[in-house]
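Going by the order they are written in, the chains are A, B, C, D and E; count residues from 1 in each one.
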Amino acid sequence: MIVAEDYETVADSRRSHPAQRVLVLALIGVLLLLPLWVYPVLLMKLMCFALFASAFNLLLGYGGLLSFGHAAFFGGAAYVTAHALKVWEINPEFAILTGVGAALGLGLVIGLLAVRRQGIYFAMVTLALSQMFYFFCLQAPFTHGEDGIQGFSRGKLFGIVDLADSTTLYYFVAAMFVASLFAIWRIVHSPFGMILQAVRENEQRAISLGYSVQRYKLGAFVMSAGFAGLAGSLKALLFQFATLTDVNWHMSGEVILMTLLGGIGSIAGPIVGAGLVVTLQNHLATSGFPVTTVLGATFIVCVLLFRRGIVGELRHRLPAWRRK
Amino acid sequence: EPYRLGVLTDMSGMNFDLSGKGSEVAARMAVEDFGGTLLGEDVEVIVGDHQNKPDVGSTLARRWIDEENVVAIVDLPTSSVALAVQEITRQSDTALLISTGGSSELTGASCSPSTAQWTWDTYALANGTGRAMTLEGDKNWFFLTVDYTFGHALEADTTAAVEAAGGSIVGKVTHPRETSDFSSYLLQAQASGADVIALANSSGDTMTALKQAEEFGITAAGQDIAGMLLFLTDVHGVGLEIAQNLTLTTAFYWDMDDDTRAWSQRFAERMDGKMPTMVHAGVYSAVLNYLKAAEASGQATSGSQVMETMRGMDIDDFFNRNAYLRKDGRVVHDMYLVQVKTPEESKGPWDYYKVLRTIPGDEAFRSVEQSACPLLDD
Amino acid sequence: MTDGSATPREARGPAQLRVRGLEAWYGESQALYGVDLDVYPGETVTLLGRNGVGKTTTLRSLMGILRKRSGEIDFDQRSILRLAPHRVAHAGMGFVPEERGIFASLTVEENLLLPPKVANSGMEMSLDEIYTLFPNLLERRHSPGTKLSGGEQQMLAIARILRTGVSMILLDEPTEGLAPVIVNRIGEMLTALKAHGLSILLVEQNFRFAARNADHFYVMDHGVMIDSFAVAELPAKREALNTALGV
Amino acid sequence: MTMILGMPLPVLTGQLLIGLINGSFYALLSLGLAVIFGLLRVVNFAHGAFYMLGAFTAWMLGQYLGIGFWGALLLAPLIVGLVGAVVERTMLRRLYDLDHLYGLLFTFGLALLLEGLFQHVYGASGKPFSAPEAMKGVVRTDFVTVPIYRGWVVIASLVLCLGTWALIEKTKIGAYLRAATEDATLVQAFGVNVPLLLTLTYAFGCALAGIAGVLAAPVFQVSPTMGSNLIIIIFAVVVVGGMGSILGAIATGYLLGIVEGLTKVFYPEAANIAIFIIMAVVLMLRPAGLFGKEY
Amino acid sequence: MTLATVPAQHAPAGSRAALSARGLSKSFGNFQAVNDVDIDVHHGRIHALIGPNGAGKSTVFNLLTKFLQPTAGKIMLGETDITRMDPAHIARLGVARSFQISATFGDMSLVDNVCVALQRPNGLAVQFWRPLGSLSRLRPRAMELLGRVGLADMAARRAADLSYGRKRALEIATTLALDPKVLLLDEPLAGMGQEDVETMAGLIADVARDCALLMVEHNIKVVADIGHDITVLQRGEILTQGSYAEVSADPRVREAYMGAEDDD
């Protein structure tokens, strides 16, 4: 089972403490004010990747399934949204919906094949299938190969709100981000999430209790694909392009790194991890260090020494944090 | 605050050799040669590694422009990143000096008034090689095309050039990108009896194909091989043993005359003896000419105005022969059809090409009529 | 801790296995709190105790499988506390785990042949002898190990150790899940091993089985030894055991 | 000329043979992967990097020490194996007690690190390396055209594959290894020096990748990314063959090489995807893979 | 020591078995593990399946719950033919089972282990939009079940940290949570201390009043005390069936299974 060592069991977090609620509200407040100080585009990018990592974590941290092919949903949705905006010229909300729909569909297809296997097999099957999707994207004319789909306008939300302005866009992305995180949190801390954890712990036993485990896994997989797709769609809307980098398996590896670095199996972990990786990438870009090597080394160090991830380590070290 | 030039390149990926560090060095050389100041302010070169990721590239470009007083962004390997950054520089009216980025789209439908595509584009290489080789007598062509937009574009451009010059296409086969084994394709190419086997693909694929062509004794059996997109570093990578007799088009070769040799020697001294590729020379030339034009236009904040000034300037130098900047951002200059020397002909490291013929710029590059750039309409 | 029968046991010479003040931890949580235990050569010693008192943990600590422990463990007058498990095995100690540890990827016979000969105590059995003792195994010798039934697996787990020439066997609940006939057969087997001169440290829940086969008893509770007595004292101890174990 | 399925016979047989050659590399690499997975339960994502390391080591031996192909064929795998042993000793072994996925993640990081380092030091365009003089040239007959060197590769890989298979399936060491996969502690409690065994296994698997790298150096470009392109195909091969099945890895390697070769003739556009389509089909019909057992 | 003996009522003549199998067979390759087994489990009765190790008892369990696919035979749950159903579906129809090797949700607390089992029967299995608070109404029942197996005081511990015997007790509590129509217990008492055996046997006898119960057990004493119908399996085939008295008098059974059971 791949879980942070002090995995936050569903039971632990059953009751949300008033202090937590205050903290969450405070964070939302900060999110609203943040563009005053920080570059909104960077913030939005962070939110896209944080959402992507959270979607991934929904599957790994709570479903125990390591997908090595999540780039397919992220990048696939980005392509569809970009295409919808550029060629069909539909409203951004519909473009995002189409993107998410595509990710859900793709998730269903890949999921149906992948959930037949577990653990390592699952990882390898998702990797191979997403690589197949990558080749499809590479060769399909509508993606424009190496160039990608570029240079379209963001359009008007509901035909009214112009998203060209990055502050407007920021609040839209932030709203989607917060709503999605809440949805993920809700899914994890729901009766469904409880069964999901049970399936992860002991599949045979869950079957004998009458749960069709394949459906639970598939359900989690498709939901995760959907949120990953939403992240990809938002990213396409933000940057106004969709390219091969987002469907490449390196992206699948990166999202794993983000989640692992931040801490598996908690809501905050992937967000922190995504923030760190994106900042690291931006920082390394002008530092003169070889990026791949640094990422590889980070990966190794995390796996060997900080498996709990940053959030996990913090919780472990600061016992006051996890008031019983 | 000093004016900054941002070299946005690939410091960790597949374009590292052909652009990467060398582009940085070339840009610095240009700034030094210009005197280090522009309009009374210092000029600084900063470098960014976009890791071939458009989002990293465009975030960085935005930050440079908004916060670091970057007045020109230079180099831009990887077409998806180049296109993404071009959108940003178009909005902020920042100068964009593309040397490694070779997508024809940059000066086609996506063209921007503040961009100059300095060195090459896929059209020029395909067209140059196709036309020149057909004129040299290689009439029947067989394509080995990488199966995505880039490869299809290369193939289409070459085909047009070959047919215009009186040649014909006898067959083609498409292969997936990053194929590790070309033998089936090569055998088909061999069986076709074509005069030329054209490799409409890029670096990794091209080199593997070359290596395996040698293994199957294809060139030895009399067929020529043409690389549609190859850099000096690629030839260095496979070695002369394998690349010998290969024909290709380039914008620059270091060993053409005293000027090119002199500059290249200076470059090599700073690069552990590595000779410059065409994009390195292009970066140097682009930066130097940009600085001249900015000085002349009396300002550096508007990229499109600098470009406008440059259009009126004489931009000939050791790199650019018969050169001018077109409205769509294309720098038109002479290109060269070269053949790779055999190991016996080569006198030492980096002595790789012999120049077969010069391709005049107007013949090499896409004409104004063929371009889809809206800026050309008015 | 009472040691009623100290004299006759010690007359056998130095203890083959001598444990003093053994403490052991699973991560942060301590499972053994100063366990003392002796096994004399050729003796069958049974460790009794309710569920979860630390019997298995004791065996795992002796073998060195559980690394986090402290105290003294001497085997044949040599400290084995610092030895890696494979070195402990070469010192002559054999282990039959609670979960049996049959290998799915090996056939029954491969499972049998797996443990290398580690010592020459003169007590090793040949394959034929083993098959005579356990005819079920002969019949299924080419099937994958874990395709055996639970009981067959238990036999295999014990049989496997008999080839290796160890001089002491640690047996964790060997009769768990076995049919009465087989339990009897295992009892006979223990007698045979004893006749060979093997020392046996047995963990058992099946009190009747233990009573029939052991020479000496230890009783554990919450990670400490609470009692120790020879088989002769058993009738006298019945009452106490009844309260301690609910026998 | 005889035609089969609209193909001239020489082309068809040629393709079959070439498929077999590619299959040799697939088989050799997936074998190493299967050995490591089968015994350590680690999906060695760094396998492609070790393959690359093999090729680069061969090049470096030639470049800096003047050692030729045959010397490199012997030395490079040893060096790669040594690197593998060090990696196992110092890092990988800390992960055995954890979920197997951590092994995958660790080796993924290792692959990135190795590739990044080589790219940084030697650049992306790679290094020249040629076949030994004696093996240059092509055999041409009526039905096939085969470079001599490739014929040799097929034979070498067959020998290596069968040898490894025999070692693992037919010897006592193999039994220890298989048992250690399931419960290393217990095997160690039986008196087997399991830690050493595991180190040697990982080293051996890496050395197999190293040999494949040396063999590949004259055929493919020696470049830092040569392995990362291949590794995913190899994963697919191993999944189709049945994870951990030695024989499955070998047979599927050759089989998929041939299938891929044929796709290149009949429908080249799909050549890259063919393997994945086969994988999907196999997964639907036999989730454990062609040769896999469900325990 | 004595157990609360349940009076052995006879199955009402002609009453339909809650779970019945006819001609059940299973072979693994060439090996015939179960051969032509007929078995009927009646409501309110404890049916014990005994036999030497490797006789095929666990295999019969796996066949009845469809964790294994029978090679031949037919399985009826009341009026329903379940021969072709998947195991989760059968569980949903009211057939609960425990495993010989204990199966618990290791990383969850004991009370959560039981809650998971309670969720589905209480219609709280797929609601991914509802808060966890919606599960709190299951807790009293979960605690009650834990109490019945003597684990109430450790309800908050992780299941993985339990000792072997307690895991088995937890497993039984989880199984009972399903309120099954048919209950199949594979060696429920294995690994339990003597004291616990008695409590647990009492519990099983108690539970069996409201369901049909089939169990595999090697503890002959318990079988004798609480079993109503006994089926003896040997080499995959039925050796004999009947009450404990009948079966234990059979010399073949004594020879194959019980051995020279001394009665001390």
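Basically, a residue touches a chain if its C-beta (ideal position, glycine included) is under 8 Å from a C-beta of that chain, and two chains touch if they have at least 3 such contacts.
Fair warning: this is a prediction, and the values are worked out from it, not measured in the lab.
Counted as hops between touching chains, the shortest connection from chain B to chain D is 1. Note on connectivity: the fewest chain-to-chain touch steps from chain B to chain C number 2.
Looking at the partners of chain A and chain E together, they share no chain. If you average the CA atoms of chain D and of chain E, the two centres end up 48 Å from each other.
Each chain gets a centre from the mean of its Cα atoms; for chain C and chain E, those two points are 30 Å apart. Taking each chain's centre as the mean of its C-alpha atoms, chain C lies 45 Å from chain D. Taken residue by residue, chain A touches two or more other chains at 1, 135, 139, 290-293, whereas all remaining positions touch fewer. Those chain pairs judged to touch are A-B, A-D, A-E, B-D, C-D, C-E.
For chain E in complex with chain A, the touching residues are 65, 67, 86-89, 91-92, 96-99, 103-109, 111-112, 115-117, 119-120, 124-136, 156, 174, 178.
Partner chain D is touched in their complex by these residues of chain B: 12-18, 147, 173-181, 183-185, 187-188, 191, 203-204, 207-208, 211-212, 215-217, 231, 233-234, 236-239, 241-242.
Taken in their complex, chain A has these residues touching chain D: 1-2, 66, 113, 116-117, 119-121, 123-125, 127-129, 131-132, 135-136, 139, 249, 253, 256, 260, 290-300, 302-304, 307. Chain contact summary for the complex, chain B toward chain A: residues 11-13, 46-56, 58-60, 62-63, 66, 78-80, 83-84, 87, 103, 105, 110, 147-151, 176-177.
Contact residues on chain C toward chain D in their complex (touch as defined above): 63-65, 84-86, 88-90, 94-95, 97, 101, 103-106, 110-111, 113-116, 118, 146, 164.
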